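Below is one structure, written out as structure tokens; comments come after it.
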């Protein structure tokens, strides 16, 4: 796998307090990034408040570590779960 | 308390399989007994099958040991509980 | 004697699902509750020597059982920080598939209801003088034994 | 992907007591069941800085949540000898006193349902991407945090 940065079109979903912060529930972005961390850097630039938030990232509907490579076109930023 | 045997009139209740064995749900008996054990001896004479049964005795709606003295006029013979 | 405070937990025949639904609905006004835990005992159609159980007929030493249920209720409130609890047990005939025991515990938070409900159910099984006669298709019977 | 086997556990708005009663009634034909255990989450009217919570508005990453619910269901059947289980969770607004989570586990015997139900509820709380927004009387809000 090529570890160089890729330019890709991602669909990013935001939930709960994060959707409130970004003021959108999802957006399509063209990013240059290989890892989730690199994507997050770009999101932190766009939404400075995001950096202070506690959240997890899901890729292909599974929680992934931020060091992981981006392998899907749909990612989601999930604040702490509070179901039930 | 007088530990001599007393002649008393007791109301004895039978439940579940014991009522089946004695063919009555309660009966009034005049017995000469101080302890529960002494009462049971008399019941075993009347109902030989009773001796093989597993049961507890309640006096005043509380489980009592068979060594205990009879202190109430109402006693109950209770087979293993199987509620619920 | 707590004669005055003891409730009658017994109901003639099966406990209906409508009754359970209505009991749940009654708790909507108690807005301090965050968690309910409900246990239901249902009569199983077990097979014994090729014969099926069609119903259980329950009898009880009612006065003593109600006193025991009362003691269990008091002990549960002492041990656990619950908001309310309810116990109902059938008397008489309950068919296979029908409900014979309904225990309902509510509290502000969930962990307490799990502990409290299990405690109540085990106490009932151990301490309430209730007796189940298992009836077979052919009208023969055996006496239920709790495990 | 288990896309085909995953069910939708979400229901718009509160879960009614009638729905719960009907779910219980549906189990009467399953005469191998001896014990049901039901957990209900109810919205609490907690007070925060003198303001009362009047409702919780639930949102979820629905596809992922349904997948997680499916995984929890599979794991529960693997771990415990249960006969059936059902999970329902509210989406949208649920008022204080109303029910937002309904978990229903049934098995031949009681000990298993206690263990299984607690397992399922804890797994849901930990793994389902569902988010509660607590609404106050004055239309302000805060984000719910599970403890």
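The letters A, B, C and D name the chains in turn, as written, and every chain counts its residues from 1.
Please note the rule applied: contacts are C-beta pairs under 8 Å (C-beta built on N, C-alpha and C of every residue); 3 or more make two chains touch, one makes a residue touch a chain.
This is a predicted model, so every value here is computed, not measured.
Each step here moves to a touching chain, and the least such steps from chain B to chain C number 1. The centroid of the Cα atoms in chain A and the matching centroid in chain B are 75 Å apart. Chain A and chain D have CA centres that are 27 Å apart.
The mean-CA centres of chain C and chain D are about 23 angstrom from one another, to the nearest whole unit. Measuring from the averaged C-alpha position of chain B to that of chain D gives a distance of 50 Å.
The set of chain B residues that touch two or more partner chains comprises 84. Within chain D, residues 41, 110, 121 each touch two or more of the remaining chains. Here, these are the chain pairs in contact: A-D, B-C, C-D.
Here chain A touches chain D in the complex through residues 13, 15-17, 19, 58, 61-62, 76, 78-84, going by the rule given at the top.
Of all residues in chain C, only 17-18, 20-22, 24-25, 27-45, 96-99, 106, 108-110, 113-114, 117-118, 121, 147 touch chain D in the complex they form. Residue ranges on chain D touching chain A, taken from their complex, read 41, 58-61, 63-65, 67, 89, 100-101, 121, 124-133, 143-146.
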